[in-house]
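Consider the two complexes below, in which chain A is the common component and chain B and chain C are the respective partners.
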Partner chain A sequence: MDKIIFAGPVGAGKTTAIGSISEIPPVGTDVTCTDESAQIKEKTTVAMDYSYITLDDGTRIHLYGTPGQDRFDFMWQILAKDGIGLVLLINRDHPDPLHQLGFYLNAFADFIQETGVVIGLTKSDISDKHDISKFQDFLYERQQVFPVFDVDARSEDDIKVLVHALLAVLNH
Partner chain B sequence: MRIINDVIEQISHTNFEQETQTQEILAQELDKILDALLTSSEDISAAIISSVDGHSKAQRLEADMDEHRFAAMSSALLALSDNLASEGGKGNTENVLIEGTNGKIFLLHAGPKHLLTVFTHNCGSLGMPLAYAKQATEQIAALMEVLAS
Partner chain C sequence: MSDKLKLFSAGLTEQDNMVVSTATKLLSYDDVGFIVNDGEISKAHLLIIDEDSPSGKQALRQSRAGQVKLLVSSKPKMAKNIIGLQRPIDLSTLKSVLKKLYATLHAQLSTQKLNTATQPKTEAVMELKDSLFNILIETKLKKRVLHITCDELPDIFIDGCNQCLATTANESELEKIFSLALDQITFYKLKPKSFAVHSNEMNVQSLHNILWLAGIRCSKGRLLPGHSLDKPFRLKAWPNFTRSSFIAEHLKLAAILAKQPMSMHQLAETTGVKMAEVVNFYNAALAVDLIIYEQGNKNLSGKSQPRSLQQQGLFSRIAKRLSLKGIF
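Here is the complex of A and B:
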């Protein structure tokens, strides 16, 4: 089973991104936020999002979204098991998105090493605080070369580009 | 302007004090509910009340059980069970039961924003612990409603 994992911090757009390319009504586990996350959004994923897409050659790609908060890191391990690659979404509008990028790259380091990753920078339409080159420089300093894209999580085309880029990385 | 600032500060201060007081009362009451639950049945070994988004609110867990992990795992499991029940045409989740080789765990909603996770010893019957747990969820839901109003 070809399974791609969507990860990243709270409010990066993981649930939205999966919903954008989903062929079926996605399985979601959104509940009401009762903490400071409520300032960002009303609901948050606590277990997983699930959906799938079918490629032109008929291959079905299963999409699993992780909860953003690190108290749910046990779900990251459960969901990443047997995954073929990672789509990491980072909210460009966050005050310190580079720190967040580093955190999630470290948290999924083993998985990335075994598979591959592409990085999608979301909310670029509402924030130009952090230029895409900053993220590329950050990766360069870490001696990591990963594809980075500006994406709109609501755009089917943008998220499909991410998924296809990841598949290209994995086939390389 | 200064007077307005003083009033704003006073109101914020009062709100903060009220909020802190409410949280203290809530914590005490939730502790009481858990104490009563654990003394109601010898079969119940531990319990935790958490928010639907995985924060621990009160717990009577064993020393080596991390309340933050158990709160998060409980909310994830119950959320997924809600989906399974609903998409499978079985309505709302009454409870989730895990039958382990060394005991049982069950999870129940406690009002719209909280849940209760109960751990039992390797007991024969589940009826009484489940009934007491259900009673506790009703108390939690009622308490939350009063504090929210």
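Here is the complex of A and C:
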């Protein structure tokens, strides 16, 4: 199955990002938050978000959004299996987005090694607390010079640039 | 009919040979032409080999690493330039694969011919001097505060101390300013405190944004003084492409330079990107502090997995589906 995985913490904008480029609104598995995530948003994904794009030869590229809460992390590896690559979204407005970035890079380390990853920093319009250079320096120190861009998850163009960068990583 | 490609088969069973013959004949009606088993194996564009047969194994030894191979076996595998086919070969599958490969190989051959015809082996690159880009870099390095003004275009105020600038100019107006000769621009040095006064009610942004844009637009293939086309370098971070002007080739350059050091000459040769665009990219990346100089074959950011032709084709189709106006 040809699929691209969208991962990241709760509220990073995974569902929104998928919806920005997909042909149908993402089919979700949202329920009302009852834990600390309720402070971030009203609903959260418990299994996956799903949508797709169709290529000119009829091939469907499936877009899967993983659940953000780490108690569902068993779903991450299941969803990522045989995927083309990873789009990792990090909420810049979070108190410690670098820690989140490190966490997800470690959680998907094997998948990233086999394929590739691109990182989108969301909610830059509401927070300039953490300059992009901090994320660039963080990745450089880990010897992981992955693409990291400011994105608006609602912007079709921004998400397309993320995917194009992922394809460039995969091709080279 | 379009140019025919040379196909060499070896070690196939009688049945598989008939399938190959039938497939190439049917494809010829769609203007997809192959010349089968004419000439040496090393000169063929595409090979179909049964890798389990003795003659097939011998043919593999004679083949070149870069040749595209369809390997027939009981356990097909995929790798760079290798497509696995299950034995016995299915006619429909073979037709589909040959058709896609014909298009891909034809496009590659056409590009190679064009690059050979239009790009000289070594290109002379001029030095970039006396441009607004040089002045912007100097302003940043020497932490100056500068007022830039020119007829009929908005003013620009630069704070080299705090790495920011203020202007009402939009990107189109900035590009016009960058294309002006220096004698069409007037520069005033300001005191540091003056920036806040002058930039009131203006759009204050990072100096890096304008340095990147100036590098890409002002350079026009000319290299900043004191820099060499043969010195290996790499990126310590990707440019923030969602917020910067870029072309498709920049993604390719960034993907390679994020993983390993290369000189500009090596980059142009390896990628097929014109030297002028490589130089523009280098100048812009240098101006925004993304370049570091390293030697050797250190491959960072994870190992590179060779992608099969099928995967490369899939990625091309995804890129086409998600095309960005003016870029892809």
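Assume the second predicted complex is superposed on the first by the 164 of 172 C-alpha atoms of A that agree within 3 Å, B and C clash if a C-alpha of one lies under 4 Å from a C-alpha of the other, contacts with A are read in each partner's own complex, and residues count from 1 in each chain.
We take it that contacts are C-beta pairs under 8 Å (C-beta built on N, C-alpha and C of every residue); 3 or more make two chains touch, one makes a residue touch a chain.
None of these values were measured; they are calculated from a predicted model.
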item: First, second, both or neither for A:71, with chain B first and chain C second; value: first
item: First (chain B), second (chain C), both or neither touched by A:48; value: first
item: Which of chain B and chain C A:27 touches, first, second, both or neither; value: first
item: First (chain B), second (chain C), both or neither touched by A:165; value: second
item: First, second, both or neither for A:157, with chain B first and chain C second; value: second
item: Larger contact residue set on chain A - chain B or chain C; value: C
item: Contacts of A:57 with chain B and chain C, given as first, second, both or neither; value: second
item: Sites on chain B touched by chain A in the complex; value: 51-55, 68-69, 71-73, 75-77, 79-80, 82-83, 87, 112-113
item: Residues of chain C touching chain A in the complex; value: 235-238, 240-243, 248, 251-252, 254-256, 258-259, 300-305, 307, 311-312, 314-315, 317-324, 328
item: Complex contact set, residues of chain A against chain B; value: 27-35, 37, 44, 46-48, 67, 69, 71-72, 74-75
item: Residues of chain A defined as touching chain C within the complex; value: 2, 21, 53-57, 59, 61, 84, 112-116, 120, 132-133, 136-137, 139-140, 143-151, 157-158, 160-165, 167-172
